[in-house]
Amino acid sequence: MSGRRVVITGMEVIAPGGVGMKEFWSLISEGRTATRSITFFDPAPFRSKVAAEIDFDPHARGLTPQEVRRMDRAAQLAVVAARGAVADSGLDMEAGDPAQVGVTVGSAVGATMGLDTEYRVVSDGGRLDLVDHRYAAPHLYSHLVPSSFTAEVAWAVGAEGPSTVVSTGCTSGIDSIGYAAELVREGSAQVMVAGSSDAPISPITMACFDAIKATTPRADDPASASRPFDGTRNGFVLGEGTAFVVLEELEAARKRGAHLYAEVAGYATRSNAYHMTGLRPDGAEMAEAIKVALGEARMEPDALDYINAHGSGTKQNDRHETAAFKRALGRRALSVPISSIKSMVGHSLGAIGSIEIAASALAMEYQVVPPTANLHTRDPECDLDYVPLVAREVAVDAVLSVGSGFGGFQSAMVLARPERSVR
Amino acid sequence: MSGAAAVFTGMGVAAPNGLGADHWWAATCGGTSGIGRLTRFDPSGYPSKLAGQVPGFVAGDHLPSRLLPQTDRMTRMALAAADWALADAGIDPAALPAFDMGVVTASSSGGFEFGQEELRKLWSQGASHVSAYQSFAWFYAVNSGQISIRNGMKGPAGVVVSDQAGGLDALAQARRLIRRGTALIVAGAVDASLCPWGWVAQQTSGRLSTSEEPQGAYLPFDAGACGYVPGEGGALLIMESAQAARRRGARVYGELAGYGATMDPAPGLGRPPALRRAAQVALDDAGVTAGEVDAVFADAAASADLDEVEAEAIGALFGPHGVPVTAPKTMTGRLYSGAAPLDVAGALLAIRDQLIPPTVHTRARPAYRLDLVARQPRPAAVRTVLVLARGHGGFNSAAVIRAAGQEDAARP
Amino acid sequence: MAAEVFTLADLTRIVLEAAGGGESVDWGDEKVLDTEFEALGYESLALLETGGRIEREYGISLDDEALSDMPTPRALIETVNAHLSAAARTV
């Protein structure tokens, strides 16, 4: 591995509760929640009736009518966030070499919302097995193959370097940034615009998570439906969203006077090779990913100031993750502040990983650890410091962000403040 | 770039003109096409009626019944192909450290047929009829997840989606992981969306052939190029660090010596397409000159505009009639992310047999000035092969495959 | 209305459709009645799919915890029959 170091120089977030990074940080640092009763469709037939939806008007965010028509909602979110991240970085894309700019978009379920809608039309409400091509939308191919998201982002930001979609389920958001960081490190691109986007709040997604009882059936108090690490948790709350970062090589970023949010100091992903949806309680594979990521960052567990947890709020995940922290970090697991922002913005599948990377970088920016909302009831199996309800001011120089997803994927990324990180 | 060389030591193939690498390679060198009228469903009401369908794949013959209710056809073929690839490489995964083995696959449309059935149940019968397996059986990551579970592989996993270019992007990611210390990666792709819902979605690309004549439907570089015929299938390959392969005395097919990926400029900018640059990056990465390349496996889109771009890129790199060019995918149809791993398998066997497989049914337009290996396979000294793959939306990827025994050759 | 009865044969048919396993479990042997699902090789997802199919076919609703609380085919069959007779009483 060469010595090139990779830093985040621009960011944008569109998450439930507000469009934009400032709105996002206000929400999560104040411990407010954006979960609510589903408004996108009638949730009555579903077991789970809550979600974290975004009030997003693509026209107001600069997309043309044709762009809106041809893109799935997840692609629309991605394009707006990617443009925002590039603007935030201060990079002059016109002046640079587009061949040196690449794009990765993480997405777990691609254009699910568009596919759900279009299927209903071509099948005439599920009645036609031989679906009718005469009713197909002209852009349906772009929904079929979600690399269209990356093409749209590349066109929007003027990238002509190595580009792809990374789709590793619910770790897509971390893995997309990890993949992109590697391209910068190895010299395949000078700049990577990397992030993730998912907009899965549609009937087919609600139905498939209902079938495995993964989402919460709690409907009485939607604002407190997402309860990671709480003793009363009973499933996650589906969300949507996107976040993008701009990655550059450290010295190049310094030279142009860029703002340095964070260094991507370490990253690893491992598989549990166990089950498509189940997790072994010992957390061994997530622990391995954490140890490898820390090793790459040349950090000891004690150097970690904050852990941004996966914390989905399912019984199984939060127990698994707690075990993984203890296994990987030893005694430091007992004292390090840990929180799950899914308590506030829900679980946007492949998108949430990048949103959590952004939250982790912002925690360093503001030296504040966002809290875990709705955490009132102790669970003996989740016995770490999950920063309940209220944000905490602490010195944050190094953050671990983790993700866990269907397929058995376990990913970990270590971010560090560039001015403090020592090699 | 530095780090261990990544070599290929095993292959598993499910292709429309042959199930299993041996059958497929014999058919390919014999010019036997697997393109025909769709039988999976009645295509008569659709503009396009031909496809490359994998023959004779009975999932229950290869997989335990417990896997069948939870898997799409493309996952079943991928699991079988991974098994064959491991067997071909002489690898028993149970005997290796779990964290030293990883899986990287590409996908284009996930388990689309499975998804169609669950969408049908949702909209015609109601939400409670949707299967518990829908949450993962259709998604793009399913093959990496299922292969890792079946074989106990706990190392790094990856999944990329870049339409047809993704097949090479997956192999390149596998090479990165090997360079960073993972000993073995199962890499490649199997794709399939030959169901009415996938068919209708594919039609909207506007690039599918509507010909009903199997010998005249998919004619890349031909004056009569009229779009492509889609297919299903692909290949999974075993990639290892050259060191690990050497240590265990493995048979090495060849090396992934170079890779490059680019995006075309946004439509309407008037700037040149970026396929040529991807190929140049791959050659530079491999440290080889165009003159050292013995064959090119073309992307072969079979639309006049895209054929012209590819012919120009090849001409610019190699000169007129400067290198043998072939497109064995004229016998399978375009397999989306499965296409490029299958082409890489073809490149490795071309190196093994010193034989370039043919392109069938097509006669290259003279204006393209291509040395197309048409109709008959061509015996040749083959040590270095360039594989090209493009995806809808402007994705270009290129890989340089090199004969074994040169892994330690100077690299930049 | 007389209650429908849910038998081992019914369960066998549904489990094989929902989760396969015909080649490794002898469903014809009544010993399976008291063998835990886990020992038979059926994990949580297989049971959720099985439970979902039973619910749809028989028009009953099993509790969320019911499936995890019913470790054996006998326990599941008894629970389904209890739901069926309860449903018959309310008709």
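Residue numbering begins at 1 within each chain, and the chains themselves are lettered A, B and C in the order written.
By our rule, contacts are C-beta pairs under 8 Å (C-beta built on N, C-alpha and C of every residue); 3 or more make two chains touch, one makes a residue touch a chain.
Everything numeric here is computed off the predicted structure, so don't read it as measured data.
Undergrad: On a CA-centroid basis, which chain has its centre farthest from subunit C's?
TA: Farthest from subunit C by mean C-alpha position: B.
Undergrad: Does A-C or A-B have more contacting C-beta pairs?
TA: Result of the comparison of A-C and A-B: A-B.
Undergrad: Rounded to a whole Å, what is the gap between the Cα centroids of subunit B and subunit C?
TA: Subunit B and subunit C have C-alpha centres separated by 43 Å.
Undergrad: Taking each chain's centre as the mean position of its Cα atoms, how many Å separate subunit A from subunit C?
TA: Going by mean C-alpha positions, subunit A sits 38 Å from subunit C.
Undergrad: Please report how many Å separate the Cα centroid of subunit A from that of subunit B, as a whole number.
TA: Distance between chain centres: 29 Å.
Undergrad: Provide the list of subunit B residues touching at least two other chains, using ranges where the numbers run on.
TA: 70, 128, 131-132, in rising order.
Undergrad: Which residue numbers or ranges of subunit A touch two or more of the other chains?
TA: Expected reply: 211-212, 275-277.
Undergrad: Would you pick out the residues of subunit C that each touch at least 2 other chains?
TA: Counting only residues that touch two or more other chains, subunit C contributes 45, 48-49, 52.
Undergrad: Subunit C touches which residues of subunit B in the complex?
TA: 64-70, 128-129, 131-133
Undergrad: Mind listing the subunit C positions that touch subunit A in their complex?
TA: 43-45, 48-49, 52, 64
Undergrad: Where on subunit B does subunit A make contact in their complex?
TA: For this pair, the touching residues of subunit B are 1-3, 41-42, 45-47, 70, 98-99, 102-103, 107-110, 112, 115-116, 118-128, 130-132, 134-136, 139-142, 144-146, 148-149, 151-163, 165-166, 169, 173, 176, 180, 193, 196-205, 260-267, 274, 277, 336, 391-395.
Undergrad: Sort out for me which residues of subunit C touch subunit B in the complex.
TA: Checking each residue of subunit C against subunit B gives 16-24, 41, 45-46, 48-49, 52, 55-56.
Undergrad: Taking the complex as given, what residues does subunit A use to touch subunit C?
TA: Subunit A residues touching subunit C: 211-213, 217, 234, 275-278.
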